[in-house]
Every structure is written in C-alpha cells, then in structure tokens.
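Letters are used for the chains, namely A, B, C and D, taken in the order the chains are written, and counting of residues starts over at 1 for each.
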Amino acid sequence: MIIVMKPNSTAAEIGAVIARVQEVGATPHPIYGVERTVVAVVGETRGVDREVFLNLPGVETITTIGAPYKLASRESHPDDTIIRIDNIVIGGPEIVVMAGPCSVESREQVLETAHAVKEAGAQILRGGAFKPRTSPYSFQGLGLKGLEMLAEARERYGLHIITEVMTPEAVPMVAEYADILQLGARNIQNYGLLHAVGRVQRPVLLKRGMMSSMEELLMSAEYIMSGGNYRVMLCERGIRTFEKYTRNTFDLNAVPVLKQLSHLPVIADPSHGTGRWDAVPAMALAAIAAGADGLIIEVHPHPSAAISDGPQSLKPERFAELMPRIKRVAEAVDRTLSTVANRQPVPA
Amino acid sequence: MIIVMKPNSTAAEIGAVIARVQEVGATPHPIYGVERTVVAVVGETRGVDREVFLNLPGVETITTIGAPYKLASRESHPDDTIIRIDNIVIGGPEIVVMAGPCSVESREQVLETAHAVKEAGAQILRGGAFKPRTSPYSFQGLGLKGLEMLAEARERYGLHIITEVMTPEAVPMVAEYADILQLGARNIQNYGLLHAVGRVQRPVLLKRGMMSSMEELLMSAEYIMSGGNYRVMLCERGIRTFEKYTRNTFDLNAVPVLKQLSHLPVIADPSHGTGRWDAVPAMALAAIAAGADGLIIEVHPHPSAAISDGPQSLKPERFAELMPRIKRVAEAVDRTLSTVANRQPVPA
Amino acid sequence: MIIVMKPNSTAAEIGAVIARVQEVGATPHPIYGVERTVVAVVGETRGVDREVFLNLPGVETITTIGAPYKLASRESHPDDTIIRIDNIVIGGPEIVVMAGPCSVESREQVLETAHAVKEAGAQILRGGAFKPRTSPYSFQGLGLKGLEMLAEARERYGLHIITEVMTPEAVPMVAEYADILQLGARNIQNYGLLHAVGRVQRPVLLKRGMMSSMEELLMSAEYIMSGGNYRVMLCERGIRTFEKYTRNTFDLNAVPVLKQLSHLPVIADPSHGTGRWDAVPAMALAAIAAGADGLIIEVHPHPSAAISDGPQSLKPERFAELMPRIKRVAEAVDRTLSTVANRQPVPA
Amino acid sequence: MIIVMKPNSTAAEIGAVIARVQEVGATPHPIYGVERTVVAVVGETRGVDREVFLNLPGVETITTIGAPYKLASRESHPDDTIIRIDNIVIGGPEIVVMAGPCSVESREQVLETAHAVKEAGAQILRGGAFKPRTSPYSFQGLGLKGLEMLAEARERYGLHIITEVMTPEAVPMVAEYADILQLGARNIQNYGLLHAVGRVQRPVLLKRGMMSSMEELLMSAEYIMSGGNYRVMLCERGIRTFEKYTRNTFDLNAVPVLKQLSHLPVIADPSHGTGRWDAVPAMALAAIAAGADGLIIEVHPHPSAAISDGPQSLKPERFAELMPRIKRVAEAVDRTLSTVANRQPVPA
C-alpha cells in the first residue's frame, strides 16, 4: 500500500499516518519528495481496508499493491484448477460445451433439446428452473418441477446438468439436482447467496455481473472459496456499455486476463455476450481462440416460441453445425473438444 | 408495440406475425411500405414479452410503446405518492434529511452521531447493521446487535431509523427495528429480496443499482409494489461510468425524470453519488435544486476512523453547517426543510 | 511516480529501473517489501511518460502522483481565473447565462431569439454557424452567412456572441465575429484545433467530450493554455453512459470537482446534459446549486421547427420563466445573476 | 419512421403530425390505439431528421426504421467490398497483417522493425509520424521526416505503409507517402478531416472512436464515402467502459455485426483493444476467429524504450511466434494468411 500525502500536508499529519501504519502491524517507509511525501507500507495489508488511512487528514490518495483476493489468485496458486465432474474435466486441455434452453418450459422442450445437444456433442445441459426476470409480470420459471424435468433429461440422455440458483434457501434443493450451480449476473454481489454456495460441495459457475470489473468477479469467487468450496468457474457473459446494438458488450479480453490473474477455469457465454443468435457462432469461436476453457450456449428447438431469450438462442441444427467449427478452432489453439463417454447417473 | 419486418420478409412471414398478434389477443395493423412492412399492435400488451415476436422469421426489431411498469408509473397514478411515517411526510413540499454513519460500529459511535444529526435537524438516522462488502475479509456489520444500538439511539433522541436489509430471511427481523427498509444498490435485481420486502408493511428506500437504467429501477419498484407494499422511495446514488475521479457518477438527471415517469418520492444520496466528502455539500444542494424530496447523507464523528465509507462521510460539524444551506436552496425552489416535532417511539 | 515491481522481479530488473529513473534526472527510492519491491521516484516527472518505465522487465504497474496538467491546475495557480469580456465577468460571484438556438437557421430566427433572450436577461447569445453532424446528409450550418447574422443580432440587441469553431483553418474567421469561441464535445481531442485556438486571443468555451474524463478535459485545456491563450472556460455537457432515457448523463459532480482541481471557470450545459427540454429547468437550477459559474442553454422560438436539437430547446417564454428561478437559486448559494448593462459593439 | 403520440394527445396535435409528414413528401398512416395513437410514415425518410417531428406538440417518441447510412450499408450493397492495394487484397478470403511501431522514432527503429515484421510475414508496415497525444508535453511525432523514414523502409523491404493523418491540411502530404491513410479514434467525428480524406483516392482505415457506437462508426464511413472515396476499412480498436484493468474493452462483437451491417472490410487492433502485450496474441487469434479481415498490431524492437504505447507492443520475436498461430486459426475458419509477393515501390 502506498499512501500519497497532499502537497501541503504537515509533519503532524504525516506522523499520524506513520503511527496508524504501525497500529495495523505494518512498517511505514516515508519518502520525502519535493512537492509531496509518500508513505510506503510494507507488510501484509490484505485485511486492512484502504479506508483506515484514506480519511486521515493530509492524505490525498492510496494505492493498493497486489490483488485483494488470495484464494482465487494465480500468485498464491500458480497451477490451473481442474474441476472434475465424473469423467468430465474442466480447466484442462479439453473444451467443454454446455448447451440448452434459457428457461425450462415443458418436459417435451427439455427432452427434445437434451437429445439434440447430446447428439451434437455437448456434455452438459443448461436450463433455468428459477428465472431472474426484470419484470414481475414475466414468466418466473417452473421451479422444482423444472428441476425434475432436467433430472429426467439427464438420466435419459446421459448428460450433466447446470442450472441457476437464485436464493440462499434454494441452494440445498438445487444442489440435489444440479451437477453445477449457476450464479447469475444479477447475483454477483448477492453475498448471502455467495456464502450459501460456498458451503456446499457442488461446482459453481459464477457469471460476471453486467457491471462487475474483473477484480470484483474475482472477489466474488473469493467469497465462495473462503466458505470452503474451491470448485469455481468464472464466466464472461458480457458487460453493459453505451453500445446498444448488441445486448451486452462481450468482453473477451477477460478470458486471457482472468487466466493470468487466476487459476480458475474460464467459461464464455456468447449467447448473453451478444444477445443475437446470428453473432453467437462467430463469438463462440472467438472465445475459444482467446483461450476459454468452455462455452455455455443457449439452444432452443423453437426459438420463436421461447418464453425467454429466444433472440439469442440457436436452433438445434445451427448448434449442430457450430460444434465441428468449434472443434477446428480448438485444435488450431492446441485444445480439443471434449468427447468423453456418457456420464453415469448420479444418485439423487 | 410496433413490429418492424426485414426488407425482404415474405408474405408468409408477415402472415405469421399477424396470426401471432391475434393469438395474444391484440389487433394487428400491417402497414406496407416501399422497403419494409411494419405491423402495429393495438391492445394491451404489457404482459406480452417482446420475445414472443422477436424471433419469428422475418422480424427485424420490435419497439414497445409505453412503460413496462404500471403500479409505479405516473401515467396510471397521476398524483404524487406521499409516504407518512408518524408525523414525517415524504414526497410532499417538505424536504426530509436522513443522516448517519455508513456502518454501525459501536454503541458510542451511534449515539454520538444520532445526537449530532438530531441537533443539526435531521429526522431520520441511517446506519448499516448488515453490510454488503466486496471483500469477504472486510467488516460485515454487527447484525442484530447493530439493530439494537440503532433502536436505542431512536428512543433516546426521537429519530426514525433507516437501515439496510440484505437477505429475504432477515426482512422480518429488520422490519421489526427499522422505520424504513433500505435496499442496497447491489440488490436492485435480487428478486427474492424484492418479493420479501413487498410482503411487509414498512416503507422501502430502493437504491438504484450502479448499472441500472431508470426503467430497471422502476421495474424493481414494481416488483415490491406488485407484492402489496406501495410505500416505495426511489433513491439515486450514482451509476458506474468510465469516470473514475469520483466513486460514482451522480446522475441527477434521474431526479426530474423519475418524478415525471413515476409518482413515487425521489431521494438523493450525494455521499455515494460522489464518494468524496468535499463534493457532498455542493451535490446535496444540487439534488434539492433538481427537485429531490429528500437526502440521505453519511455522517461520522471520526471519518478517519470509520470502518467503511470514511472518505465520503461528513464530520458532524460540517453536516451542521450544511443543513442551513440546504434550507436556503429548498426555499429557493419553493420547498421547506422538514422540522416536525420529535417522533414518539414506536412499540417494538 | 511510484513504480511497483512484480513479486518475482530480479535484482537486475530492479537495478535497471533504478538506472532508468536516474537517467531521466529523478531520484529513485527503492523499498524492499516482503512480496514486492517498490521504487518511489522523487523529482519533477511531469514531462516523463509512464511508458518510459512501464515496459521495463519486472515492472508491474506505475502510479503517477499529482496532476499531469500544470497551467490548468489549481495547485500551481490557487486563485480563480476571472475572464472579462467587456463588462461581463465570468468566474466571479456573478452567474452568466448564454442562450440561443443550436443552429443559426435564418436571419429572422436569430433576431427573434436574440431579442427574446436579451429581454429575459441573458447576456451572451449562442448559435452555431458551423455544425458538426453525425450524418453527412444533415444540415451542416450556414457558415459565414450565419456568423454575419449573429453579428447583426449582437449589434442590434447589445449581446455578446459565442459560436462553435470546427477546423483550425476557420479559427481566424470565427474569432473575428465571436466574443467566445466554442469547442465542441467531438473536438475535445482534435489537437490541431486545440493548438489553433491556443494561438488567438479570444476566450474559449471548451466542452467536455462525451467520453472524456475530467483529467482529459483539463489536459485539453492545458493544450490551449500552453499555446498562450489562458482564457479557457470548462463546460460540462453530459457524458455517454449506458443510460439512454436521457441523451447524455449530466455529470454535475464535475462542477465541484473541476473547481477544486482547476482555477478555470466552469459552465454547465443542461440542454445537452439532458437532451429533454422538460428536464432543462431542473438541471439548470441544479448546476447553479452545484457551483457552476454560468449556464449555456438552447432557446428556439419554434422548437418543433428547429433544424437541430429541437427536443432540448426551450421556448422563449419558458426561458423567461426560468431566469428568475435561476436568480433565486443563485442567491441561495451566495451568487448573483449578472445584470450588467448592455455591451458596446466591439470593433471588428 | 414511426411517430408515437402521447396518451393524451389531441386530434389537432395528431393532425399537425400528419400534415408535417405530408410536407416532407411521405405518406402518413395513423393507427388509433386504446391508449395511444401511432403514425407510421411510409416513403423515403433517410434525409429527414427525426427532429422535424420530435418536438411537435403531443409527440412522445420517434423510432427510425432502417439504417441512416446508405453507401456503407450491406442492404444497399450486398457484396463484400474488396480493396486492392497493388497485389494485396483486403476483404477477400485472405487475412492481411499490418504491423510496426506506434510512433516512428528514428530511422534505425523503423528499418529494424520493418525488417522484422517483413520476415515474420506482415505485408503492411504501420508507424505514426503525426501523433495525437493527450498531453501537450508528450512527443508529438517526427512529421514529414517520419514519413520519409517510412518511405525508405517501404522501398527497402517491399512493404506497404499505413500511417495516421490528423488534420485536413496534412491529407495531401500524407497521401503522397502512405498506401493507406489511418484515421485515429479521437478523430472519428472530426468532420473536416472526414471530408478531406473523402476527396483523395487512397484507402482509409477508419478507427472506431472510444465512444462511438457501431452506427456512428458507419456514419463516419458514410461521410468519407459520400465524398467519393469508397475504399474504407472499419477498424475495431476497443471502446471505453468502466473496466480499467485493460486499456480499452475490445468489442469483438463489432466484427460479426459490422460484417452483417456493412460490406466494408473489418480490421481488428488487439494492441489498443487490450493495451497489454501479454493479452495481444490471444485477442489477435480471437479477432480472426470472429471473422476479421485483417489485424493491425504494434511491434517495437525495444518496447521498454518505446516513446509511446510500449506496454502494448510486441517484441519482434513474439510477433514472429504469433504469425504461424494466426495462420492456423485463419485456416480453421476457412481463411488464409496472405503471402503475396513483395510489392513494387509506388512512384512518389
């Protein structure tokens, strides 16, 4: 931590800063410049808020050095985290594809989609049973019934399941059905929920909020990990900017940067990242080329009848065309498309 | 709703759109242009998602007309909503000031601040007992003990209390202590929480999220209102932009615009809106001039020792200096600063 | 400047950084921490790009201390800059109001507007003869003819004139007609133009770009001032954000912050800041309460017939209603509304 | 164009709108709904500003249909534009790579870099002789001398040259030396400059502004094309958002979207798009996978000594490693890396 004093700060003010540094157990190194004095703070200050110093008289700014997260950082954990779900391996050389509808709408819809994405080579079925919706008047999901439909599709087609959990209370129930718990973009700083998923032993896909910096995404991962659940995947799904032609601005820079800052796997969501089905294939390929460890893609058998996210859903036949293209780009960057054998049903 | 067809859309595609409009119980008005066909939809379509049409073949874009919220809209409720809390009236000609520390840190701190803000003329004491923090290693609040300290300060100084609630489970407990429930910016789309506060009969201060559009803020108010709790105040507290010199960009445009779009009272938070105590007075005055119905301001007896938000907290003496300036500006825009007599303690 | 080394930086890398600091004539102060080494740089480094150090091996980040601008900074020039244009004084206790149409459209329109804004108490007439337009097919301004119409209005009604200049070549011509040169938001980093207006002796109103940080605005002022023209006014006119209900997000935080960072006068433009005439009055008052030294407001006799910016233009009668309200708020913050006697025509 | 009336608009107001539509030569189609009336406008309205209607009494909003640009749109020009520069073909199946330093700093630096990028397979040498810099105290470029150095490198190594032009006056001089004129992000709405490059017959690389929507980028292309110069390449180079870990947010969504909206070639700039050399390779590959027609990459022989943009420059050896990776990804998306024979010098 570097504490920069104002140009006209007094010796007494500087002395007070030095004393405060010592109080928190660190070592102050004052440097007296021509215009300003700077106090460098040596020692562990990760648990010390900047604010302990920021409002002392005479302080101009504070610069923290090093990341505020520890468990999630590559600095403290240089090797890649590999997440195994039965025989699926996420975070290694293989690319994993998760696909399925935005919302679980009916048993037929789920089974039809599951069949199609399985045939095309996906290994994990996505589908929302609990839906965060901007309007209270929109469809809010089928709840437990939706989970049961997903479970049936899993058994029948030998897929794994990822589905969203929205409230702390629902975590145990959703964890009973899902192989991966999804935390949505709107819940990136829902700390009650982060704590709750930190206490179960299910892998978590943590979606970056539309307003989250990469550092905040990593801090939210840190919440989950500090609760004891280390199997976290980071998911880039687009951020909110002034550009409105696409639903979000897909920040693929986050892929190489998060891989550098953290050891956690990075999954990309080109469906939300673009909001337009006709841009999904190009951006799915781009995400793989950028180094993503997997993709999560919305597929719906009848997008024009979809209750939610129809405009960004691929039809099964387009998804089937996309998979071999993903395979080619994966191989061009020395990865492979995962093709492990079908999963065995997990006992409920 | 206006459905714009692509230039090369076929008669069959247009026919399918027309049929779909009829299916949802509305009346289609196709207009055949030189380059494009447009289908205007007449009838109530508030409950109909754009997506029902957006992914039909041949559809280019959809424009919705009118607001997607109803209970919160001025169109359906032309008169201002007035929220009464004992003898305090929010949303009328009087300006109400809420003040106090970001976090409740100790009994002494709360009592000292309560005394100071009361003396200066504030009527509502703010203070967080449950704190949403970016880092799992930061102070998370005193919880129930903090609520008890706030209640003690309320009794002793005849103030009302506003405090944040973060999880659905905590709503009943916080509602027992607080006169106003605060929903924080990070929870603007925490739908479980919105539902929970919609079911209690306590006024709610709903803070705009750092990446929420005004429409989304109103949709979140609609969630609460659709649950039966109509006493919602909207709070502008700054949005996230590229400008980093201030903590947030204080979007005071939201004050006149929200007053136009909605009948709900609008409160401004210059502390979070700026993040710098030295800009708080100017922006508090600006908010009143823009038409805000009240202010929520962070005041801490020793900002340099504050556990959170010290840099944006006013010292009690600066707050005391600010209050008469607020009064002058309020009067210059034909409002008054509320000076109703002390509240009577509410039975727990 | 503070140079933070990577955790695993070598002694040789640190040595190279120290040597480079000495090469640029500054004094290095290395501080050896547990995880990282930091090199504080003492001495004048305003002319030294961060990049001189940023790409040296082993360097993680660089923090610059102090502002990169000098002539525009309050640190180097503590007293407020007062700009006098005949008997009008900008930057002192008086609030100055500039008003008029977005574009000069015809002689009648200019004269009618000039008459109206003069009657209402404005002292400076705005109007664009050269118009930056997003589309090449939109009206681009009347050019020299427009300048002549402005000059006629000036003579007849005893107003001063502010008008935009868009290209370096046009600076001498526009400076011959205008009392104040306006630089538009799109030209904030048009360095050829900044240099050109830096070489004339006409006051300049420099509009913040829609994506400019406050620091960049001050750096652009520095460009003009470093050319020898010190009479620069900073203008907040809204920035581009995700919020689309208003044309721009009017960043009134910039008013107190710019007044703190700089000695230059700050003018606010609520017309562009909101883009909606019905929000202009509220935000004009807010800007004054926030501490602005003046306002620039679009007024058009027939907004519905305006060639540009009609939706954000006030009708003369609304502008006339607004002026006494501005006066009241100005007085509530210990300012006055300028009412100096009519100007005498300046010899061309 | 669709004109939406306010809920309480009167018959007279609707009549006035209908009359105005007829005045501009289009056909009005009023649709009378339950709550609102809508007037659909049929006929060519590209030259008609929304503002002609927007401020008529009773009008709530206007929706324009179809793109405001014509020459740049794929709708009016379905086939891809192919730009030929001698034997280099941009916009066809081949990927073209432009590489070189941010600034031309010395003859040695240019020749060394030119040699290296030529060896690695680049065909076009980039280098700035005129530099837009945020600070007036930063290096502003070598000007004409820089152009001469670029020309020498071109002759010696058989490369083509792209270099930035900043002012209208400099266009003829720069066009004499450069094979491609680059328009920088800060000049995206410098209309004088857009007009000037529209009048020469040199291909133009038009960089998206950090605050430009895709539509604005296309409107700026339209400016150039409406002047008679149809050889425009669009360049995505990152936009400004709240995320500060990277210099810009590289909006690769723009690649497939611009290819859909327009027939012009799209080039990607991963150096500015990321601002970090260690993220450049990943994002260069991602851009190709997304469908870009070429790349522009900063390469500097000694990035740590670079006068500008060192942190985002690749060393020649890293660039040489990257080129075969680009080739592999290009082939995985059915493109090839251009390897045409050396150019012949163009007569000055």
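Methods note: a contact is a pair of C-beta atoms (placed from the backbone, for glycine too) under 8 Å apart; a residue touches a chain by one contact, two chains touch by 3 or more.
The structure presented is a predicted model; accordingly, all values stated were derived computationally and were not measured.
Chemist: Compute the shortest path length in steps from chain B to chain D over the network of touching chains.
Modeler: Between chain B and chain D, the shortest chain-hopping route counts 1.
Chemist: Relative to chain C, which chain's C-alpha centre is the most remote?
Modeler: The most distant chain relative to chain C turns out to be A.
Chemist: For chain B versus chain C, what separation do you get between their C-alpha means, in angstrom?
Modeler: That pair's centroid distance is 31 Å.
Chemist: Centroid from C-alpha atoms only, then distance chain C to chain D, rounded to Å. What do you get?
Modeler: Going by mean C-alpha positions, chain C sits 27 Å from chain D.
Chemist: Chain A to chain C: how many Å between their CA centres?
Modeler: The answer is 40 Å.
Chemist: Which positions in chain D are in touch with at least two other chains?
Modeler: 211, 240-242, 244, in rising order.
Chemist: Can you list the residues on chain A that touch chain B in the complex?
Modeler: Touching chain B: residues 46-47, 49, 51, 54-57, 68-69, 132-140, 166-169, 186-187, 189-192, 209-211, 216, 219, 222-223, 226, 240, 277, 303-304, 306-311, 313 of chain A.
Chemist: Give every residue of chain C touching chain A within the complex, in rising order.
Modeler: That would be residues 2, 4, 7, 29, 31-36, 38, 40, 42-44, 61, 63, 65-66, 75, 240-242, 244 of chain C.
Chemist: If we count contacts the way the header does, which residues on chain B are in touch with chain C in the complex?
Modeler: Of all residues in chain B, those touching chain C are 211, 213-215, 239, 241-246, 249-253, 255-257, 260, 273-274, 276, 278-279, 282-283, 285-291, 325, 328-329, 331-333.
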